[in-house]
Amino acid sequence: MKLLDLSGLSVSFNTLRGPVEVLKDVSFDVMPGEVVGVVGESGSGKSVTSLAIMGLLGHSGKITSGNIALSGTDLTTLSGEELRALRGPEMAMIFQEPGTSLNPVQRVGDQIVEAMTEHAFCPPAEARRRAVELMDRVGIPAPDLRARDYPHQLSGGMKQRIMIAIALACRPKLLIADEPTTALDVTIQAQILNLILDLKDEFGMGVMLITHDMGVVAQIADRVVVMYGGQVVERSEGDALFTRSAHPYSRLLLRSIPSASQRQDDLPIIKGTMPAAGRFPDGCRFHERCPMAMEACALSVPPLTETGPAHFARCFRTEAIDELEALA
Amino acid sequence: MTLETAKTDTLTAPAPRRGFSDFQIRFLRSRNAMIGSIIVALVAIVALLAPWITPHDPTKVSIMATWLPPGGDHLLGTDALGRDVLSRLIMGARVSLTVALSVLAITMTFGTILGMVAAWYRGHVDNVLMRFVDIIFAFPELIIAIIVAAAMGPGTFTVIVALALVWWPGIARMARALVLSLREEPFVEAGIACGTPTWRIMWRHLLPNIVSPMIVRASLGVGMIIMAEATMSFLGIGVQEPYPTWGGMIRDGLPNLRTDPHLALSASVALGITMIGFNLLGDGLRDVLDPKSRGR
Amino acid sequence: ADLRVNIAADPSMIDPITYSELIAGQVISNMYESFTAIDADGQVIPALAESWEPLEGNLGFRFKLREGVKFHSGREFTAEDVKFSFEELLRPGNKAGLNAPYLDVVVGADAMKDGSADTLSGVTVVDDYTVEVAFTRPDVLFPIYPIYLFDSGIVEEAGPEWYNKVSAGTGAFKFENWSRGQKVELAAHADYWGGAPATDGVEFVVIPSPETAMAMFETGDLDVMVVDGPSMRRVLGNPELKERAITAARAQVRYLAMNSDLYEPFKDKRVREAVCRSLDQDAMIAGLYSGAAKPLYGQVTEGVAGYNPDLPKIEYDPEKAKALLAEAGYPNGDGLPPIKLSTTEPNKNQHLYFASQLQEILNMPVDVELVERGTHLKSINSGQTPFFAWGWSAGYPDGLYFLSQLWYSDSPYNRGWKNAEFDALIDKASMTADNKERYAIYHEAEGMLMDDWGTCPLPVSTLMATVRDGVSGVAIQPFGLVPFADVTIAE
Amino acid sequence: MLHYATRRLLGLTLVWAVALIVTFFAVRAVPGDPIMVMLSDHAGDAVLEARLRADYGLDRPLPVQFLAYIGDVLNGTFGLSYRYVGSTVIDVIRDGMTITPLLALSALFIAVPLGLFFGVFAAVRAGSWADTGIILLLVTFISIPSFALAALLVWILSLKLALLPVAGWGSPAQLVLPVTVLVVGPMAVIARLTRTYMLEVLDRDFVRTARAKGVRENRVIWRHALGNTMVPIVTSIGLIFGGLLSGAFVVETVFNIPGLGRIAIDSVLARDYPVTMSIVLLFTVFYSLINLCVDLIYAWLDPRIRSDEASA
Amino acid sequence: MTAPLLKLENISKRFRVGNKELAAVSDVSLDVAAGETLGIVGESGCGKSTLGRMILRLTDPSDGAIVFDGRDITRLSKRAMRPLRRDIQIVFQDPYASLNPRMKVGEIVAEPLVNIGMKRAEIAARVAEVLKVVGLPAESADRYPHAFSGGQRQRIGIARALAVKPRLIVCDEAVSALDVSVQAQVLTLLRDIQRETGVTFVFISHNLGVVRFLCHRIAVLYLGRVVEIGTEAQLFETPQHPYTQALLSAIPEAGAGRRGRIPVPSGEIPNPINPPPGCPFHLRCPRVQNKCRSEIPTLATDTNGQAVACHFPGPNAESPHRAPEDKRMTEGEAR
């Protein structure tokens, strides 16, 4: 059974000047023991998607349509208390900005412990021991000492690792990791990714991994979802994204990666910028920046069409995608 | 595209906004702010127009028409000297609000500034300012009031000065407490890093983040100050007769609460409504000033 | 059972030496006595002195003391105690209060006060029950001064600080306990010469708020409630309470002082008359006092010796007032300089009434000014306040008290009207031992004051108390003191 | 930390010394003087006045009086009261010194939890009718003068229902009404402030993190959100405690409680300098200690306020 | 060579944690020439941000001196620092926390401009301009930070730093939250600005690809100390320090067929509160010898200007770049 199944998820935020639709018709799924990478333009709605799954959109965000099924239960129909019981053991989230996401007046150790004791995951003494162990596993030196620190005493990367420890504390079935390693150096990043893989293998944890780091995607994602402008523009197997991506945005994105293994004098960039949520052009949301756009792209929204085995793309011109190299 | 060449792009400053500003929209959507501001506006209008809208002369003594119950010619009855309670209430709005708002304006300004300065600089500045606060605090309000009155003679101005003197330390400590945590926030550091002078850090970073609780605190103060004025005039150092004040009316009416409840009650209700207005407005403004507010 | 009665504040003291304020007086007067006492009608009656006669040239008195009087300590009261009491009142450093000035006329008082003498030479103990007091000048009222006499053995018995711990009087009650700020408890003095009181004791409960007192009375927490200020209206408005109310005329004069030294127009008698005629005492009694007051047409009140019931009524007459003012050169108030009518907060309403009347009838530019009490008193007593109304309670039950203190030129309390003829009459009265003759002089002097419109007399509020069911024998003296010796409580 | 506390305490002695001087002269700046009050209607009798002035040592030059007062403070009696003849100040205020703090503390212990509860309740429902309703209720509580509330409570509970004694001091039953009256205002103030402070943090990311952990909503609110507003709340509580101490006088008058507040006002009115000065001094000590505690608690409540940097 | 724009001389920073001392930065000396980009990489928690904050004088160094443009600014008062703030800007690591929640984005970006006394009209134009160059729509100026995504907030921070055209910008993980296409735009932008205006960057990053693209020289920090410093080419091609080598070998590269685990250096991560004696890296170093356990190596510069603090420097036995098959590891090695 699917661990997580999003279908047709749309989310809008109430702003002063009316609602702004931030997510439109987002669908993908995560199987147990699978890592699904989510990549996409900054501001394309990756974090909002994960918050919507967690039921933490806050008072101004609203799911306007669609379903979120976690192990078969539709989360959008659950009460607050029922959702709460799921958060932690069933699904957990690593937030993007550790700097503001930790309680500034609580010791970091206690914040990890709390994640466990609140679900009676284990007795408090055991939780304490486990918290230190978790801190050790995410690579924090002298964890027993550091557990007594407050967030402001930790470096950015340490805070991020505390967030990770919190999310992993109850061995969640679904882990939503929103850029979990941005503040980590590559060695620790590797350590964390390995830890996630361990948990995935041991307990069948499913992972929704939001990241910008294509290396990370390449390394651990079984499948990939590419988002642009609040929509899923492409869905594929992990490697397929790198070898035969079917959407121009994805292709252009991949070219922009700066490499550590050779010196580049220029980074290819996608011209233009993504419009603000709610200001998307009609038709394909990418067409204004797309080198292979045609008239039709501006007129109607391309559907997510299957272009290969388990491979979907939202583009009218998937067949012609290889022309892109020539155009760009 | 570079920063320099970007200038050549057709870049213009954002067009001036048309229609309502964010503030106005949020204000109009905040129930508390709307109800509150309507009440406050009504009270303020009454206070402003007082001399022209009183049905009777508020100072006119009619010894043969004392203690009249509400009704008839005197809608809210008359007091111990046969003066029309409604007229006095209307007139009293003027003096009471003047006192309350002046004291608030002074104490909020000074208290907030001093509190912020103390919390910002900490160390000696903080120590000296806060010990000063300790001392002023320790003096019962009345003693300070009496001393001020001794120095300046009784009257409305004295009341304002005395109450301001007593009130600022509380405000200062509150502002200080709020800023103490706030000054450690990274965005304050960001302000320093981009060279913002201290006063502007206070003005642009600290103040907007403490202004909501301060407004709420101020709205709480309205009633307290009006009542404090009554206590002062009880000692003969308050607002001088024949000007009516609400506090004075409550004070004068209280001993007769059982026989002539309309006296204390009418002023209490007026004060209560005003306080409700100010407090709803205070809470409403809080909501309005919060960019993340629920906007209801 | 103990009789529970309210007092408005904690007494400042419970001893007769430092005694200096009215509330303490209520407590102390139940424990201590003087040569004479006052009955419920304000009449002077013998108490510790059975009789007295003037010495030669009215320069003193010989007192025959009551025999068989026992102090609270059980010791008997003798002439030695009189001498001791006087000496203690004069001894420097004893912080003697209001009773000490009565002794100023006694021979040797000055020497005692400045410490040059250790005993009071003017007091001679003739025998155990006879004592002579010699004066430096005549003072015919000396026997009625409320100088409390106390036990000469007390220092020996209770130490030099006895006055906070025990009582040393002869009164019907003796001191038992004082919980500061809460209550003073007195116990019955079984050996009281007038017979043991019918109650076990008196509990003076300190209740500053009249509202609270009223509530406590209603719940039966008070047996006797002294009613004051706003509560009067409440009592009078409630038939049940009104029925229980006991009232008495107050031994107090009230007056509107017009100091001609400080306000030019007051020099003119017609202006003063115009002011007085603008005030309506009847309306004031009805409107300001809810009826619980009596009009006053002179400067000696009912219940005080020398009261003249035949003084003409001062008619409220706005037309005449206006005419008088015009006659005096201020038609329609034109030309009157502005003036402040000063008072303290509790008397505010009256003054507002005066001011409004004067503004309306005379078009006088008058404003009410509220002043702190201590400051106000000092200012009026040093003759610096031009225009104010105040009251003056009698220290002893004789009209001379009011006339000499308020309107005698050399009095420290002169209220701004001075008249040599009047002064001469007062001098004469203080040397006139014969009551009738003296009262005649009072009447003459009082008439002089009133004819000259030296002041406007004002209504005097009634004294009032209410009692619980089953409490009887409560009476109020014109001085506001409620003697509890005769009060009984039915169980 | 310890060294900060001791430094502050040392600073406080300085404050007290200043307060001692300021009170001495300030109290004397109050118009009227004790002798005038004693003389009352007899003010103006120069002879009597001079004698009393000498008896009370008020004829000496101010510096001499000041030194004498310092002596009295140091020997612990605080001198002799002017109003209560022959009593030392300490005797006069001894009972009040325990009564008023007891009243204030009892009120605080009730007002704080209630205030926090209502404030949090309103904050969580900000913008709803429940919120507006609570604000209205609280503001009503604040705007009822304590005299009036006391009268109302006495009328209902004591006179009509005869449940509680009208006034007095000594039995627990006598504590109920005054404490209730004392509680209402501060409770409402705390609630109103708590609501705002809470709203400042409820939308912060770490609250969302707590929710994401599956922390029970109650704990999210009370522990995480409220925990981050404790610095201003504790400050307000400190201020309110101070206010309760000096504001107790109304309640003490109405309910006939021989507390410090009433003594203070009495002594001001009677110009009983030694008592007034001692009470002011006592309040200074109270206040400064409360504020010291509050300042010390700050660092404990919010670790960011601590100075973490080792000196270079 | 001209005098460096920024010179750090034996800078140290110690924090008090409980009753212990934490040495966040120890004895770091660095030169940054004008117009140069110095990359700082290193393990998380090794003191990079602290170093950056000291350059801005946001924390005071415990020891050492900071020289900016020939002027010792270590002891300058807050006020005296203020004119210099126009020349030195920082992009904070926590984008959201460094944005005042009560200020609109336009006001935030305008703040440094206001501080230099620019006129209102100019400010508005300049704000619109920098927002545009970092790829934010113009109407962003009118919204509050909370309504932005992580990457957008980071761009606000960058825009604020760029606004006044400073001479030195400390970028603390300035592009970490950006997706690669925006990141590419921003990086290109930074490089172009540098080429045009000669601005200097101190670029703290974990993303070695980014570092390689942008930086001229790179310093590697470990436990508060510089363990290696050299040009981009030196560091990436011939790393001498075993930690540098470990870093390079842990980079996940994009591309198909790379799934699996990356080996990580085994051994204990040293604790800055209680640092191990000797070389800070010895606990995890594959080449550890007895000397390493007792002696702290000093930074030794070779003839090419590459400096390394290691008793046994030298190229890695393996190639710095892993072959894809190396990535597969066994369970036990994961930790």
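Labels A, B, C, D and E are assigned to the chains in the order they are written; within every chain, residues are numbered from 1.
Here is the rule we go by: contacts are C-beta pairs under 8 Å (C-beta built on N, C-alpha and C of every residue); 3 or more make two chains touch, one makes a residue touch a chain.
For each chain, UniProt lists the protein as follows: B = Peptide/nickel transport system permease protein; E = Peptide/nickel transport system ATP-binding protein.
A quick note: this is a predicted structure, and the numbers were derived from the prediction, not measured.
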{"item": "Contact-graph separation of chain C and chain E, given in steps at minimum", "value": "2"}
{"item": "C-D compared against A-D, more contacting pairs", "value": "C-D"}
{"item": "Of all other chains, the one whose Cα centre sits farthest from chain A", "value": "C"}
{"item": "Geometric centre distance via CA averages, chain D-chain B, whole Å", "value": "22"}
{"item": "Distance between the centres, which are taken as Cα means, of chain E and chain B, whole angstrom", "value": "49"}
{"item": "Centroid spacing, where centroids are CA-atom means, of chain A and chain C in whole angstrom", "value": "92"}
{"item": "Overlap residues in chain C, where contacts from two or more other chains coincide", "value": "211, 372-373"}
{"item": "Shared interface positions of chain D, touching two or more other chains", "value": "31, 151, 155, 203, 205, 302, 304, 308"}
{"item": "Residues of chain B touching at least two other chains", "value": "22, 146, 149, 184, 186, 209, 254, 257-258, 292, 294-295"}
{"item": "Chain C contact footprint on chain D (complex, rising order)", "value": "31-33, 36-48, 51-52, 54-56, 83-87, 91-92, 95-96, 151, 154-155, 158-159, 162, 165-169, 253-259, 262-263, 266, 269-271"}
{"item": "In the complex with chain B, residue positions of chain A that touch it", "value": "14, 16-17, 59-60, 99, 152"}
{"item": "Footprint of chain E on chain B - complex, ascending", "value": "1-4, 6-7, 9, 11-14, 17, 22, 185-198, 200, 204-205, 208-209, 289, 291-292"}
{"item": "Chain B residues touching chain C - in the complex, by the definition given at the top", "value": "59-61, 63-64, 66-67, 80-82, 146, 149, 154, 233-238, 240-242, 254-259"}
{"item": "Residue ranges of chain A touching chain D (in the complex, touch as defined)", "value": "54, 56, 58, 80-81, 84-89, 92-93, 95, 97, 100-106, 114-115, 118-119, 150, 152-153, 163, 166-167, 169-170"}
